[in-house]
């Protein structure tokens, strides 16, 4: 499969300083890092972050770093370090340890990694559909879409209001924003795909692009809705990763036409039509 | 071997709160813990302390707790938790992680463990000889000796002044205090045993007790000096430990007359004459 | 709600209150844990391996820490079978299940031990330690050689009518084959795994860390190896299996049951948390009720395999 | 001061700038690490195992995290020997030592691969992966069966004049015996260990974590097992040994040399720290100078054993 866009980089390995790391509703956290020598990143790229702050001596449990989308990158002030934001959910062992990292402590990062979203243009009708932590992969894309003058609607869904990530940030971008919660605590009562469906009722052409990131069933549903209305659909996949830069072969997902594709290298961004959905974990 | 004194206890397992944990010269640290349900301890007993503060999720590396002498136990205020002080040297993986524990964080402890020093009496001429981190095992004994009205002299040695633990505390007890440093930065220029030697030149009887805790060669030298002058010598041994309460059999040391003794259970306090010195690690 | 879960299992003819036992050599003779837990909160324990005569082990250092694990080379230091029967056994509450572990350098040692231990009504079962990974003569050869192992098990089987459990060594090419051999030789159950033979070096002294040079690796590091071997053994035999190796949490214990173990043993973690076994027993009940299992026994072999 | 240390070693006839290599399957085809380190800072690398034809591996999930380790069941996904020779090899700097790893389901596959690879002057040596722990047909049988292994090594020996290295499986009863077999069958060197066969289960889904059910355990967790096997193999054979298994620091690497390894390979840690191999190479120099060794080669087998 031809990648949507040449990968950005080259990635660096850095000892990032934690500037902020606080809880934002539910178990969602916002981590702000200062990274020296950051080469810049494109929307949709990610980082590998150590599972917890670096301690006096390296601990081998948990062993593997965790892949995290680059939620927002701030323009570097002069020659200083870049400021990079990550939104994450403290769920398992690594992210719960990460949630304990204090400002001034350090975390190891490798990135930017992966390929970025094919950018929207002024003629694009862009629907950015985010579910759960998948929302984190969409902010830079939304900002880019607005900058390009694309008609941009962001649809965000989660179980409940507290779990919705970054709603305020998206709001400030001035995009059209639809929210959906499974308990109806905010926005429409239901799934984010229920919010998308009516938007795609009219047949649309390839200038209409659905960018989806979230749980696999959600992305799969988005790709079907898009296909029905003739729209293009781009998804950002998740998979277990050990390295993040294409050497462990652990992140492979099956693709249409047979064989596998490395989410960390050929992805995480895919044309929905290229993904062999039934074969995903 | 008949233990010098029946063991105190029963030990408890507790999630202790870190009240203070700061550096005190060199790589020595003072850790103050608040422990609920603490049964009290006798001079010479120790704790098993987790290798670092307890984190959101248990990490299995480093795996084993670390044995640490109970440096000082403070009388409980009303029904509140007991305040226990530990002096430790941040040297290896576990103690360097322990040195990062912040006030308010928690560490797991099991204790009090091991047997205590045979107490001095009013008729005792007590020499407490501490080297390096071994000093930490002697403070409660010194306090007891003073309380009993024993003639008490404390001799403390280390590589350099900064490495000397708890000198101020011993001073405040009003004991006679001799210091020795290998670089001469404070006290006599040499080993703590060089400070002990002149004190034992006159032949002495069994009322003279040399209590020694420190590196094995130091304790061995003390036992020889004591033997030469006819004094009694009690030592506090160290050995690798996994459990601290007599089940792993990992802490065994050879004893005179063959066989092994568990430092955590029969010890750490031994009559110097019972120890098969040549067989120590 | 969790009260309604039936926690009982039958392991090799031994009725257990809960599938959670503690492993030989990690629980002393039981009494050492009195300050920390009520022995009735667990299914029972396997006592430190016994020899016919008292045995003093290796000189120090005997243990070392490794990533998520530890090494040991104790060499079966124990008080001997007679002192165990005379002093240790009577000190235990009557309703605590005690499994005795036998160790020897010759099959006849094992047979004599099993016969002697079988005279006591307090012994619920015999575990053959055919797998001690660091004693040159003894353990390792039995557990690693099919012929030796079959002979050993038969000899002990003839010497005792108690439930007979063979504890297997992980240091073999085909664990399933060893399991089959024990089954056909008359074993009632299997325990696996013992520690994995390993080594550690001190780069400062340039010497082996252990006096014995080689030792046994235990702790969470080996859990995935133990789980694999339990899974393979469970598919090779019909007799029940007791899983041991790196179990630190109730979830770990559940994994072993799902892979086919009838019971589990908590080992190294007892040192770090002397209350672990009781906490694991409780946690398994919570898991079962959360997952809607009425009996812990229903978890045995309940692993869902992809149909291919 | 550290500059004065001679870091060169000769491994199985391959002159190495430093004893630090990177392990097959953990370093891709080399080029992936260009952003992170200069390949000239390490001794060289073993490329991902190759098969005669391109091979796509197992469906996801392929990896899982375990205590101080990870499981993998990739199943030798690779681009095939021809694409490797045509595309990957030319992309590498001329002075980088490249060892090719061969994998097959039949001895003739290995022989053909070795012969084809030997045509390239860029290949410094051939490593036989006779030990892949998770492919039913192939790896595991060769590495675990003395007769199959001897035959395999002889067949490949006849097919190639390049330095021939056999990578052994840790899933055997007697590693020393396997080492001897390879030596007498004509191997120039040995690499050990490959990942240890293991398993992990997800208690929420009650399913194996890996699509393949079984996988290979790697990372620091297995280091004490690898060190033991290297020690045992080094005492069994005269041919040089390359130690691999859980190496994360220069001290870890030194331990393997002290136990008799001539070189080492960094594996899993490359994923976590893509600069690890270069840092380890540098750290070994610092260790040597701190300890007063003029040559890293002087560390080989320099373990001090208690005289008894």
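Couple of notes before you dig in:
Residue numbering begins at 1 within each chain, and the chains themselves are lettered A, B, C and D in the order written.
Here is the rule we use: a contact is a pair of C-beta atoms (placed from the backbone, for glycine too) under 8 Å apart; a residue touches a chain by one contact, two chains touch by 3 or more.
Just so we're clear, the structure is a prediction, and the values are computed from it rather than from any experiment.
With respect to chain D, maximal separation of chain centres occurs for B (centres as means of Cα atoms). For this pair, chain A with chain C, the centres built from the Cα atoms lie 46 Å apart.
Annotation: 35 Å between the Cα-based centres of chain A and chain D.
Centre-to-centre spacing of chain C and chain D amounts to 33 Å, using the average Cα coordinate of each chain. Annotation for chain A: residues 60-62 touch two or more other chains.
Across the assembly, chain D contributes residues 66-69, 211, 219-221 that each touch 2 or more other chains. Shown here, the protein chains touch in all possible pairs. Every residue of chain D that touches chain B in the complex is listed here, in rising order: 67-68, 220.
On chain B, the positions that touch chain A within their shared complex are 52, 55-57, 59-62, 90, 93, 96-97, 99-100. On the chain C side of its complex with chain D, the touching residues are 66-69, 71, 144, 171-174, 196-201, 203, 205-208, 211, 213-214, 217, 219-225, 227-228, 231, 246, 251, 254-255, 258-259, 287, 302-306. For chain A in complex with chain C, the touching residues are 60-61. Taken together, the chain C residues at the contact with chain B in this complex read 25-28, 32-36, 48, 56-57, 59-70, 72, 74, 77, 211, 219-221, 248, 268, 270-275.
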